[in-house]
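The block underneath contains the structure these notes are about, expressed in structure tokens.
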Amino acid sequence: MLDINIKGTIPKNMEDRGLHILSDNLGEIENILNQRKMPKKGLSDEKIELLLTFLSNMDTDKDPKAIRVGEREARISSEIHKKLSSNFCHGIGRSGNLVDPQPKAPGASAMYALTNKLLESFLKNLNVNVNALATPVSTGMSIALCLSALKRGFLVENVNKNVNKNKDTKIATNITTNITKKQYSKYDGANVVIYPYASHKSPIKSTSFAGMRMRFVETQLSDRDDCVEIPVEDIISATEKELKAGNNPVILSTLTFFPPRRGDDIEEISKYCLENNIPHIINGAYAIQNHKYLDKLKKALKYRVDAIVSSTDKNLMTPIGGGIIYSKNKDFLREVSLTYPGRASATPIVNTFVSLLSLGMDKYTQLMKEQVITKNLLDDLLIDLANKTGNTKLNVDSPIASCITTQKDPVDVSAKLYNLRITGPRGIKTTDHFGNCYMQNYKYNYVVMNASIGVKESDVNNAVDRLSKVI
Amino acid sequence: MLDINIKGTIPKNMEDRGLHILSDNLGEIENILNQRKMPKKGLSDEKIELLLTFLSNMDTDKDPKAIRVGEREARISSEIHKKLSSNFCHGIGRSGNLVDPQPKAPGASAMYALTNKLLESFLKNLNVNVNALATPVSTGMSIALCLSALKRGFLVENVNKNVNKNKDTKIATNITTNITKKQYSKYDGANVVIYPYASHKSPIKSTSFAGMRMRFVETQLSDRDDCVEIPVEDIISATEKELKAGNNPVILSTLTFFPPRRGDDIEEISKYCLENNIPHIINGAYAIQNHKYLDKLKKALKYRVDAIVSSTDKNLMTPIGGGIIYSKNKDFLREVSLTYPGRASATPIVNTFVSLLSLGMDKYTQLMKEQVITKNLLDDLLIDLANKTGNTKLNVDSPIASCITTQKDPVDVSAKLYNLRITGPRGIKTTDHFGNCYMQNYKYNYVVMNASIGVKESDVNNAVDRLSKVI
Amino acid sequence: MLDINIKGTIPKNMEDRGLHILSDNLGEIENILNQRKMPKKGLSDEKIELLLTFLSNMDTDKDPKAIRVGEREARISSEIHKKLSSNFCHGIGRSGNLVDPQPKAPGASAMYALTNKLLESFLKNLNVNVNALATPVSTGMSIALCLSALKRGFLVENVNKNVNKNKDTKIATNITTNITKKQYSKYDGANVVIYPYASHKSPIKSTSFAGMRMRFVETQLSDRDDCVEIPVEDIISATEKELKAGNNPVILSTLTFFPPRRGDDIEEISKYCLENNIPHIINGAYAIQNHKYLDKLKKALKYRVDAIVSSTDKNLMTPIGGGIIYSKNKDFLREVSLTYPGRASATPIVNTFVSLLSLGMDKYTQLMKEQVITKNLLDDLLIDLANKTGNTKLNVDSPIASCITTQKDPVDVSAKLYNLRITGPRGIKTTDHFGNCYMQNYKYNYVVMNASIGVKESDVNNAVDRLSKVI
Amino acid sequence: MLDINIKGTIPKNMEDRGLHILSDNLGEIENILNQRKMPKKGLSDEKIELLLTFLSNMDTDKDPKAIRVGEREARISSEIHKKLSSNFCHGIGRSGNLVDPQPKAPGASAMYALTNKLLESFLKNLNVNVNALATPVSTGMSIALCLSALKRGFLVENVNKNVNKNKDTKIATNITTNITKKQYSKYDGANVVIYPYASHKSPIKSTSFAGMRMRFVETQLSDRDDCVEIPVEDIISATEKELKAGNNPVILSTLTFFPPRRGDDIEEISKYCLENNIPHIINGAYAIQNHKYLDKLKKALKYRVDAIVSSTDKNLMTPIGGGIIYSKNKDFLREVSLTYPGRASATPIVNTFVSLLSLGMDKYTQLMKEQVITKNLLDDLLIDLANKTGNTKLNVDSPIASCITTQKDPVDVSAKLYNLRITGPRGIKTTDHFGNCYMQNYKYNYVVMNASIGVKESDVNNAVDRLSKVI
């Protein structure tokens, strides 16, 4: 592919050495393409950018001989656009399907396919054997894609059943069927989302966006610890009610959330879903970064999980904008991909690609270890602080976040922390039902803090130190 | 804000001159912030990047004094991410509302607000007086946002009306209502999309995504020219049928499409919609680039148009990934913004921002003029070619694209063009009902070519030259 | 060298197309390496940067397997350094010789060799058949290199002849001779620079730097026109005086200078130098941009010209910092290269490389044509202005710059122009002997303006317009 | 200077926070400009680039209102040039003086002045209280600048004394004197360089370049240890011989060199130079990185040191191309600056600027400590290896490099190391008089390795490990 002819410009032995070094450097890139796995050792930014350059130089807008007379030819008005899109100006996807190769963009299409392969190898390295789909939208919109894929089928169905068979609609039906026949066969008809309640607007919006109804299942206080939780039997009971009413429910469970809300018992929910043929989507927004979450996912995946949705920014340290949908069910991921209307920005996919290559498995494993250590540090410091101040570190169940009670107004405490330049903590009052995910008053006023992947020990030390001054 | 102290490093008169030049350079940036209008003369890439640097340096992840203990702190794994996101690592939007200012990202929030202001001034310069919303998704998904906003309300409605009033749902209803009360008041309940048929998968997918049913209205051959078109009375008739059946229809009309499909008569449709209180969305994917389209939009906007959807890549020469939704109805745009679940990548918004600043109004006006000239050139060349080869340049109605008949297999012709490195042309057979947007056989085999904004005269010359060899 | 394996990620026909486009893109780079000529059509910045990336990835500091335990290993403290040096962190040259391949930097060495090849092809395209050496220093320092190369030999000579032959110096002599034997044979001994006077500090400093004495030859007023000039016979006479005094003179003539100083008659000087075995260096700082200068160079090159020195920033539109030394005498260029002590920054060489590739011959030819047209415009406008204001456009001999008289204080006029943001013009009083290059009073107060390569017609129009307000 | 008006785009409290963060970020830049000292904590690359952007936007080629009609207007042919020069396209310096402010480049001039200030504060932090001049050329050429500054004056002298007083030269003398009068007064007339011999070509070339004769002083074996050294009395004796012969000697001593060559006793030499009014230049190429060297410099600086020359790449981890000349004698630095003919590339100065800001004093101190630790590690490992293999770690005197004997051909050993990808080690035979800096056979065959600033412990471990396989 590339003949670097420097013959005669420098002595033969230097030429050989130079070409050898270049070849070793390009070799790191070739390895990625050949193995299609997340590398053990991360690549340098230069190498990643070089690989991206090779890929983007396959798109037709880079063809030096191209004559372009379409309505969409990836013309750009500024060089800045090249940086923002890693020169994948044609984006990703086709109007019919997100993962379909785009003939105008062989390079972007290959990059997207490669990203999904890397993602799968990444998850496999974490012992999660699934198929994976990188999405160009965040968690909320990715959940909407899953729900919509489960709901679909209404289109054809309704056209067939509910509309008068006059000329225009009959033919219309033919076209639609033509377009969608095979696609719309399997995952049809979910129309209500059973949602063990968590105070997060995105899933509610996702449900609304997909044109579905949501049925909440209320939380209750745990009798084991300080958690707020939803018993699986309540979830089952809500589902059964909908089934009885002739509806097609889907369960949207939550694995990762601010404590005291406990993550749902996804293993038991999955068992129920498998036995009762109920679709099941898991919101695992920041689940990949910690083995406690991963273990729960692995257990649930033995039963029925149509898709798990995670965030690339929360787990892979990308800028906000991308999602990961993964599942043992390859067909369902294809349905999700088919659900996306039109093309999309390549950037969130490139972000995922870059993070996987840049981190490498060694660094990611290291970061996971550090997260655990830093979370332990946070716990220790909060216990200390609680002891000193007559407060309590709550007994909640999260590998990422911790809660400490306060005798002051927690909202006030959190505002003071904000002014001390601490971002992240939330102060919640007993009476804040939304904040507590609980419909009655919670037992304590408290402040919650996170030690998520990438956090530094100094962050935790400094944050608790300042908290000690305002608590 | 910035004190550049170089006193004593160089002579006073040079210092004054230097600071004066710097001040003039920064002044171009200040002007944008003060005027919040698309500039007459485009800014250099350096200036735009400097403005973006100032804005991104307002986000909390840039705070040199910040201590970060949240679950989402815009940590990134590679410097490449900064380029890809213009350093807006916190993305845009909040979980509840796309345009809501994000407290962790004052800079990105201001940038987004500014982009919408610039967009409005841009459209105003083109005599389209509307409110505008830049979206972080392409045309297809932007249409889905509009449809979903029209459909919404089902959530609350259903919770209130259709669900048994046992404990868990009652409280759930309270929360939902809490979250959504004011939001969900006005644009409730559309449930079927009336679609004057165009053979484009994205709008169909958009409708499906939003969980709505689509009713096609069939095309017919024009008796005026070679166009394929839908009489407004057929659209009205289809709408009336749905109304009679107790449904809430919304009309999704199409202004810009490949000929021979004629753009819908959006003025008449808007009149009908106004009189009958029917929501109306216009797909104007590449409408902004040409005054013939703009004139139609302006006429329609006198009556009922809830939103027009255009593409940023097709009109503003960004990479694929962003959309523009605009309308006289500011409230509806707010509903659309409320529809988006979660945060989103800042990049598509930055792309729009960059294009508006980079082009400037003068350059855009110039490009529009060149588009008209190049389209005329395309027409002249195709007439010539038709005359020489016994073919016909079709009498269709498009300011962007032209059709020429061929006596060969048009699919074959188009494949040959592809191999000659011509991207864009489509060859359509009489029997290709999808390609023709027509349910019966079309009159001709033909090839369609585009002269859209940014096309070069040399592209058109070369494309027709090569076409002459394979037609 | 590079195997881009995307097999199976996209359909075979797309894969083929993608790889074909990539191959065509890389082909532009391969062509440069194979042909080693300035391309007809300039390369895009992306292509040039990709070529530079390949070359810099041959240097040993990029070797992913290297273990580095030397005292100079191209370690850098900031990523910014990579940009500033195009990642050639080892610079160019060896301590003994500028063009010697540096074993730690095969890529930089090849890049430098390639630059010199491109330069030679560039000059050949302009019908100047010479050997060329890109230098990492500007014109002044490049002249110093030439002079020092002509002067050298003193070292060995003195050690042999003038120093007492005691132990320490004898052995020292052996080493020196060892190091320098073959090098110091041919161009020894020039000790005085004959300088037909031009009021430019750099050549004077260059002479001083090289440890030589300078003998000025005075200018006089021409009787043909308004020029200030030096008759060749005066130059010869000054040279003869030095020869008679037992010295070894070298003539440093000036081709390009501000009018009214006329360029020296380099053809006649070269003839004299050839006949009398006198070394001859031509200062042609901005000679390459205009065919009148090039024609004079070509004529002179038939006789004795040891080296011509030109600036890369003035001729090739690089930032300041590089020079070009060219001559039919390859051996002398090698001596010049041997003169440079130590390694040097690669950046000025990369600048030259980039300009040659970026411009391409077509663009350069076009710029030369535009320079002529713009100079003619400047002349026409100044004649007009002179007529209107009772002034005179001086009859001077320069293809780049023009002079107009003023009845005001020319220094004042030029200061006013500076305040009107016009950079470049110089106002010279009759009594300013330095500015006039003339030891007595010049005939006129005047302002001089340049239309050098890259100048825009609008610059000239605006400059003369503003001049009309202050003259 | 900068009014960032985002009023009304986001809520007031967010606006305040955003502007506060921006202001804190810009504050880091303002601090540099206000304090003009090397910061304690290094700046991020983004901050440094922003500061450079502000400075380069003061140069006249950035003036958006400028009309440019000069012969040198910093026009550039490619955007790549901006990166390569940090947009200081006008370079640095004037034709008469390197540090003179350039009216076309207020920003570059201020940047250069600032760099020198930062350098001085850096050296002061290391307890070296001197004036400093960053040079745009490496050590070799910087030494040439120092020598030439010491030699100068010949020009005027000769013109006055040795040339016949006919018309042309008399006037010429006037001009020269005019140009140079004050400049050439003080440091005139050195004509021979006393060089305690070190086998380094650059200083020899530097001397030759400056048109001076070099007198070597021979090395001898130390009776204290395994070093090769020059007794101060031999240096004095060589100097006295030249003085007796009526010459004006300057001593060029060497502090940093490959062992077994010991650094010269610069304290004693400086004492002698002070007492006898002999100029003294110290080649301290990599002296700044280690306190043993710095202590010697501090002691010497109590007596006569006209200038110390160090490398920016060896001490400050820049790419090759810049030098540092420093001295208590501010006047002499000005002479050196006056010596440089013409303008120069800004890049080497920017490299120095960037390194100082990027490292910060804390990081530099840390690197110095690590260098000492790593050198100790190297020593320990070599002693071990020597013990195991029947070799000897030589007793030489260097804080950077170590020598181990070998019973094999050391050239062969070093070639094998090269093939094992180890860069840096040199293998020297007893009979290699150049390599040993000794005119007779040295006692051992040996290999020398460096642990210079920036080296990693892993480098040293791996290097010695591989050495163990080939020694």
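Which chain is which? They are A, B, C and D, in the order written, and residues in each are numbered from 1.
In this section, a residue touches a chain if its C-beta (ideal position, glycine included) is under 8 Å from a C-beta of that chain, and two chains touch if they have at least 3 such contacts.
What you see is a predicted model, and the numbers here were worked out from it, not measured in a lab.
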| item | value |
| --- | --- |
| Most widely separated chain from subunit C, with each centre as the mean of CA atoms | A |
| Rounded Å distance, subunit B centre to subunit D centre (Cα mean) | 57 |
| Chain centre separation in whole Å, for subunit C relative to subunit B (CA means) | 52 |
| Chain centre separation (subunit C, subunit D; CA means) in Å | 26 |
| Where subunit A touches two or more other chains, by residue | 60, 63, 65, 79 |
| Chain pairs that touch, as defined at the top of this document | A-B, A-C, B-D, C-D |
| Residues on subunit D engaged by subunit B in the complex (per definition of touch) | 1-6, 9-11, 14-15, 17-19, 21-26, 28-30, 33-34, 46, 50, 53-55, 57-60, 62-65, 101, 103, 106-107, 109-110, 113-114, 117 |
